[in-house]
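Chain IDs A, B and C follow the sequence of writing; residue 1 opens each chain.
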Amino acid sequence: MRIHPRHTQRIAVTVLGGATLLTLAVLVFIIVFILEKGLPVVGPGFLLEYSEDMGRAGGIFTTIVGTLVLPVLAIGLAGPLGIATAVFLTEYTVETKVTKVIRFGTDCLAGIPSIIFGLFGFIFFVTTLEMGWSILSGGLTLAFMVLPTIIRTTEEAIKAVPKSYRQVSFSLGATRWQTVKRAVLPNALPGIVTGIMLAIARSIGETAAVIFTAGSSLRLPTSIFDSTRTMSVHFYILAREGISLENAYGTAAALIIAVLLVNLAAYWTMHRFIAKRS
Amino acid sequence: MNLIGEKGVRRIFLATAFSALSALLLIALFIINEGVPFIVKYGIGDFLLASTWNPKEGQFGIFPMVVASIWVTLGAMLVGAPLGVAGAIFLSEFVPVTVMRIVKPMIELLAAIPSVVFGFIGVVVLAPLIRTYLGGPGLSLLAGCIILGIMILPTVISISIDSIQAVPRSYREGSLALGATTWQTVHMVTFRAAKSGIIASIILGMGRAIGETMAVIMVAGNAVKIPHSALDSVRSLTANIALEMSYATGLHRQALFATGVVLFVVIMILNSLAIMAMRKRVAKK
Amino acid sequence: MMSHKFEIQGLTVRWHGNPLLKKISMNIASSEILGVIGPAGSGKTTFLRALNRMNELEQGYEMEGRVLLEGVDIQSPDYDVVSLRKRVGMVFALPIALPMSIYENIVYGPRLAGVRNRAKLDEIVEKSLTAAFMWNEVKDRLDSSGMRLSGGQQQRLCLARVLAMNPEVILLDEPCSGLDPISTAKIEEALTELKQNYTIVLVTNNTHQAARVADKTAFFLMGELVEIGPTNRVFTAPTQKQTDDYITGRFG
């Protein structure tokens, strides 16, 4: 007896739909769970006070500082480098063996897990270059990590600029750099900014690479040679060492909110970008 | 710009373009430099296949961790791949585009959640459930597979959706015009056309699973032994590195770097496979 | 006798080996409009783009022969292509307003050339919009986006943008192909006014337009220059049968 195709379709849709709902349910559950347990803990006090007693009491202020400073340093280095690389690949050259090799290198770099970055950062920045566990080591390591992301998203943004803009610019007697600077980059900017924001969001959640390079000091850093602890590292330590479940939830809530905010900002920028075009 | 001139500008950009490549080579260089001498000295066979990991006695067999990593990754795939592909198909083919456009970013948001949070959820929610209903310590291989499976879902779904959307409309329309249902079109035409992209997404997901550290440390138990059931506690290669790095010295530290080398090589291979699969998808068009 | 603005000698252009133009030789005089007609694929656009070296922006083009602008070979290695494009401006088939204000669109070129003085820029904007027969229409909304203009207005904006560079030659590649008759008429009117002070080469797939506006007409077919001469003669008494066939509509 053959089952009518309409029936198989109905079964298939149910199964597939169920799978999708399950995925969404998990997402919602995670966020709701953390926020429900953690938001009560989060308050101006929590966010602005220093940590006391190894995190058992007090707030997470110093970790917030750490979480802000590291991505800034990382973007400061990887941003210009990544954008320049993307500009080169799209505007200054055609597909040759050289560009294929560069792209392969970028793709491979993107696939390296964070623990390897942590190992590298430790042996290179912390030890060989003697920077010690510091904001500098952490920031530089993160820069290596986000570089491929920035290259990719910038390339996409530049490719989205219509070819005709370049034609017009050249026909008016512009050089290649002038065309890039005045006709291409300004129009690719929202896409580039979105890419950078996504890179920042990724850095905020990074733990393995950071813990081995920036250390875990709870003191407020006063220079880039000081060690610092980010929120995700703090959360990890609180949770694993069982120091304070309550503060762990609070830190997790703050962490999730921070990441969600940055991602939403990125999407909002992207939407304004698309809206402006049409 | 007159100071540098157009040729100068191009040279600057050319130099920066090698930054990613140089970064990769630098990383490879230092990791290999720290790890390979150890492998050579200790012997690759003993390193990979011996089951005793006892740094204090100078024994560095990582076999239990290799097995753990393999099982955790396979398990994550078993969880994440079917769910992910199913979700991708459902969202691209059986749901209005507007709905997909809202849901896809939501799922990509899942990818933004830090791995430590996933691990934490595993510890406070999943592990107790496993302990209560299935037995064992709770912090186990099973917990690791489930949590990692959830973590690779966004990757699989997102890239699979892109691959499915890339299938030309004419394929679908041709099938539907012959009287096929949407589901028949999907599994006979669309899925086959999108296969290489979907496979690429699964391979990428595998790469993420192998490289995942924090969540696995929190959830999988970290016992150094070969698992005999999914309820056993296990320690992955990544967990081994992260747990002992902070106090390892000398030969011990080199052994951890050697573990890093092994990981690096495996992931490079996986990523190259994924890249090749992705290129195949684009070339087919 | 009028001096020749352009002398083209044996111009052959290949793209990935395929010849698009075959040994084109002709002269283009200043202060007149040269119409270039021919069916699709005849090489008209390639020819036009050879005059300001826009072909070389894409991969795969090879050129043989010489193009002399006022006696100087524009293909020679030390010729400054950037200054060439300032002297020889181009209006494309699709109106491409850059996503900025009308004012910004016009001053884009002059700014590249280094003009910074605000008063000078204002003057350039007024002069070029006037020459494109557009000043009165837009003088009160120079800051509004160029993309909000209608197709015909955008195309005249492109013309004004080219004029702002104070070129000697204006190349137009089927500029009215997407426009309504009124906008087309406005552009043709502008060109007729402008030819006194510029050399104009107008590629068009509309033979009537060439008959209306061009002083000389060149007929291209499959990459070859079949005939060139005063428009009147070409249209009433062509020397080549192919020209006659095309004009009377037997093909193309």
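The criterion applied here is as follows: contacts are C-beta pairs under 8 Å (C-beta built on N, C-alpha and C of every residue); 3 or more make two chains touch, one makes a residue touch a chain.
What you are looking at is a predicted structure, and each value in this text was computed from that prediction instead of being measured.
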Listing by label each chain that touches chain A and chain B gives none
With centres defined by CA atoms only, which chain is the most remote from chain B? C
Centre distance in Å when chain A and chain B are each reduced to the mean of their C-alpha atoms: 17
Please compute the C-alpha centroid of chain A, do the same for chain C, then give the distance between them in whole Å. 48
What is the distance in Å between the mean C-alpha positions of chain B and chain C? 56
For chain A, residues that touch 2 or more chains besides their own: 175
Interface with chain B, chain A side, in the complex: residues 5-6, 8-9, 12-13, 15-17, 19-20, 22-24, 26-27, 30-31, 33-34, 80-82, 84-85, 87-89, 92, 101-102, 104-109, 111-120, 122-124, 128, 144, 147-148, 151, 175-177, 201-202, 204-208, 211-212, 232, 235-236, 239-240, 248, 252, 255-256, 259-260, 263, 267
In the complex, chain A touches chain C at residues 94, 164-175, 178, 182-183, 187, 276-277
Any idea which chain B residues touch chain A in the complex? 1, 6, 9-10, 12-14, 16-21, 23-27, 30-31, 34, 82-84, 86-87, 89-91, 94, 103, 105-107, 109-110, 112-121, 123, 125, 150, 153, 157, 180-184, 186-187, 204, 207-208, 210-214, 217-218, 238, 241-242, 245-246, 256-257, 260, 263-264, 267-268, 270-272, 274-275
In the complex, the residues of chain C that touch chain A are 52, 54, 57, 59, 82-86, 89-90, 92, 94, 96, 98-99, 108-109, 111-113, 158, 161-162, 165
